[in-house]
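Chain lettering (A, B, C and D) follows the sequence in which the chains are written, and residue indices restart at 1 in each chain.
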Amino acid sequence: MMNIEQLIEMGGYGNYVWPAYGIGLAVLLLNIIVPLYKKQQMLKSIIEAQHRDKKNDT
Amino acid sequence: MTNDQRLCLEVEQLSCARNNKTLFEDLNFSLHSGEIMIVEGNNGSGKTTLLKLLCGLRSPDQGTIKFNHQEIDDLAREYNDQLLYLSHKNGVKADLTARENLNSFCQLYGQPAEFVDEVLVKMELVNEADISCRFLSEGQNRRVALARLLLSPAPIWILDEPLTALDEAGVELVKKLLHLKLQREGMIIISSHHDLNIDEGIGMQRINLTPSLLTSVA
Amino acid sequence: MNAYLAILKRDLILANRNRSALFNPLLFFALLATLFTVATSASTEMLSEISSGIIWVGALLASLLSIDNLFRSDYEDGSLEQWLLSPNKPTFMVLMKVLSHWLVSGLPIILITPLLAVILHFPMTGLNVLVLSLLIGTPVLSLVGAIGLALTLGLRKSGMLLPLLVLPFYIPVLIFANNAVLISASGGDASAQLTMLLAMLVLALTLTPITVVYCLKLSLG
Amino acid sequence: MLRFLHQFASPPTFYRRSAQLLPWLAVSTLLLILFGLYQGLWLAPPDYQQGDSYRIMFIHVPAAWMSLFIYMVMAFSAAVVLIWRIKLAGDFVIASAPVGASFTFLALITGAIWGKPMWGTWWVWDARLTSELILLFIYMGIIALNNAIEDKQLAAKAVGVFVLVGVVNIPIIHFSVEWWSTLHQGPTVTKLDGPSIHQSMLIPLLAMALAFKLFYFLVAIMRVQNRILSDEQNKTWLKRLLIQ
C-alpha cells in the first residue's frame, strides 16, 4: 500500500507515469466530448428545422 | 429468332442515390431483343447513373438487374461480351490517328482489322483517317467514337447522348444505325434529347426520370 | 489474346508519341540524388553507406510521382471505361496497363541506377543486387500505387492523398530491398532478402488487379 | 446471421437499441478504468528492475492492443459493407477510424515516455513503436480518404477496400519491421515488455484492456448515431422520436 506522497513521487518516476496517464485521460475525454458536442449541434439544428417547418405550415 | 434466343434485361425495384440524395426509386422494366428504351429526364435526374447501373459500372443500392434471368454482378465478364457502352466522353486517344483508334477498338472487340477501312468510309472519316485526333473537330472525334457501333458485335447498346456534337449528316447516320440494329434484333438503351423519330409501333419504351413524372410506358 | 498485347502496344506507342515525358522520372531521380548529397554534404564513407538508401527512396518517389499517368489520361478521355467493359479480362487489362507504365517509367530508372551509383560512391560489389532488387521491387511499387490511384481517380482535390495512402505499404519492400543491397555490398549473400521481395511481387501480382478493377469501378460509377 | 444483421441494421432500430445501451457502456467503462487504475497504480508492488516506471504499462499495452483490435473490427465491418452492402457497417468503419487513431497515438506517446527512463531518449526506433507509427499513418490515410469523398456510400466502399488492403499489409509490415529492428539495433535492447507478469499485475492490465474495448464501442456507437442523425434528418421516425 502506498500513501499519498509515495503515490505522487512514484518511486522517482512520478514525472513519467503521471504525464502518461494525463495524456491518456486527455485522449479519452477528447474522444467522448467531440461526438457529444456534435450530437448536441445536430439535435439543435433538427429541432430548429422542425420549428421552421411548423411555422411555414401554419 | 426463336424465343429462347431472345435476350432480355429485367430491372426490379431498382433505386439509386447519388451524393446522399435519392435519384430514383422502385424502377421496374424489362427489355427484349429488338426493343429500344429511351431514357428521358432533365439534367441531373440520374440518366447517366441509370445507364452506368445497367452496364454494371456501378452496383445498385437496392433492386436487381438481370440479364437472361441472371444478375449482371454474377455474370460480370459474360455480360461485358454482350454490351457496348458509349458515354459522354468519346474514349478516343487524342495522340493516335483515327485509323489507329479504330484499330485499337477492333483489337479490343476481337474483330479483324479489315473492318477498319470499311467503317472509315461509312463514318465519312476517310480523308481524316491519318490525322491525329487532337486536330479533328469535336464532331469528327464523336464520329470516331461512334465507329464502335459498327465494329462491336455486342447485341446490347447502352448509349449516353450519342447525338451530341454531331452535324445533321451525322445525326441521320446514327438514326439509320439505330433502326438497323433494331431490325437485327439488337437491344438499345439510349438517353437523348433529340427526337429519334422511331415510330411508337415497334417495342419502344420510354422512362422519364424527373421525379414527378416517373412513368414507364411499355 | 491479342487484345492484351494490343493495349500494351497502344500504350507504348502513346508513350513514344510524347517522348519528352519519358525523361521526367529520370531527371527527377538524378536530381533527388544530387539534392541528398548536397544537403548532407557527407564524407565519402558516409555517402557510400547511405547511397543505397538514397537510390531506393529516389526510385520509390520517382515511381510514385509517375503513377498518375497509369490511368489518368485513360480516365479523362473515356477510354478507361471502354477497356474495362470490353469483352476481355479486366484484371489482365490492369496488369497490362501496369506493365506498360513500368516499362515506361520504372525501367528507365533502373537503367540509370549504375550511373547514380557511381556519383554516390556506392560500393560497386553490391551493384548487381541493387539492380536486381530494383527490378523485382519497382513492379510491386507500381502495382500498389495502382490501387491508390484507382481509389483517388475520381476525386478533384486528391493532391497529397495518394502518397499518404500508398507509402505505408511501400515500407516492407524498402526494408528488404535496402537490406539485400547492404548485405551484398559487404560481400554477403542476399538471396534470402531477394526471395522475400519475389514473394511480395507474387502477392502483389495476384491480389492487386482484382482490387484495382473494383476501385476503378468505384471511381467511374 | 444475415437476417439478424439486416434487421438490426435499419437506422431507426439501431438508434433506439443503441440509445438504451449507451448508459450501461459508459458506467461500466468508468468503473473498470477506476478499478484498473486503483489496482495498477496503488496496489501492485513496484518492479525490482524498473521500479515504478513500469506502471505506464497499464495504459501503453492496452492502448497498443486496442490499435490492432479496432483495425480488425473495422476490417470485419468493411467486409460486411462490401459483401452484404449494409450501410450501417460503413458508418461503423468510419466511426471507428478516429478512435483507432487516438489509441494508436496514445500507445506511441506512452511507449515513448515509458522508454525514456530505460533508453535515455524520447524516441527509439524500437520494433513495436515503429509498427505503431506506421499503423498511425494508415489510420490517418483512412480518415483522409473518407474526408476526400463527398458521396457517403461511395466513401464507405472506398474506405472499406482500403481497410481490407491494409489488413493484408499490416502483418507484412509488422514482421518486416520486427526483422528490420533486430538487425538495426541487435537484440540486446530490452524490449518494451513489462516484467514477468504475475497475478497482481495481470488484473489491472486486463481490466484496463476491457475498459478500453467498452470505451471504443461507446464512442463508435455515439459517432454512428451522429451519422444517422445527419443522414435521416427529415425522416418522420426521427421527428417523432425527438418530440418525445
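As a working rule, contacts are C-beta pairs under 8 Å (C-beta built on N, C-alpha and C of every residue); 3 or more make two chains touch, one makes a residue touch a chain.
On a predicted model such as this, the values are computed, not experimentally measured, just so you know.
Chemist: With centres defined by CA atoms only, which chain is the most remote from chain C?
Modeler: Result for the farthest chain: A.
Chemist: Go ahead and note the Å separation of the Cα centroids belonging to chain C and chain D.
Modeler: 33
Chemist: Averaged over CA atoms, how far is the centre of chain B from the centre of chain D? Could you give it in whole Å?
Modeler: 47
Chemist: Based only on mean CA positions, could you tell me how far chain A sits from chain C in angstrom?
Modeler: Centres of chain A and chain C (C-alpha means) sit 44 Å apart.
Chemist: Let me have the rounded angstrom distance from the C-alpha centre of chain A over to the C-alpha centre of chain B, please.
Modeler: 55
Chemist: Note the residues in chain D that touch 2 or more other chains, in rising order.
Modeler: none
Chemist: Name the residues of chain C that each touch 2 or more other chains.
Modeler: Residue numbers touching two or more other chains: 221.
Chemist: Among the residues of chain B, which are close enough to touch at least two other chains?
Modeler: 59
Chemist: All pairs of touching chains, please: list them by chain label.
Modeler: A-D, B-C, B-D, C-D
Chemist: If you look only at chain C, which of its residues touch chain B in the complex?
Modeler: 2-3, 6-7, 10, 13-14, 17-18, 76-79, 81-90, 217, 220-221
Chemist: Okay, in this complex, where on chain D does chain C touch?
Modeler: It comes out as residues 134, 137-138, 140-141, 144-145, 148-149, 154, 157-158, 161-162, 165-166, 168-169, 172-173, 176-177, 179-180, 183.
Chemist: Which residues of chain A touch chain D in their complex?
Modeler: Those residues of chain A that touch chain D are 1-2, 7, 10-13, 16-17, 19-21, 23-24, 27-28, 30-32, 34-36, 38-39, 42-43, 45-47, 49-50.
Chemist: Quick one: in the complex, what on chain C touches chain D?
Modeler: Residues 147, 151-152, 155, 157-158, 161, 164-165, 167-169, 171-172, 175-176, 179, 200, 203, 207, 211, 214-215, 218, 221.
Chemist: If we count contacts the way the header does, which residues on chain B are in touch with chain D in the complex?
Modeler: 17-20, 59, 61
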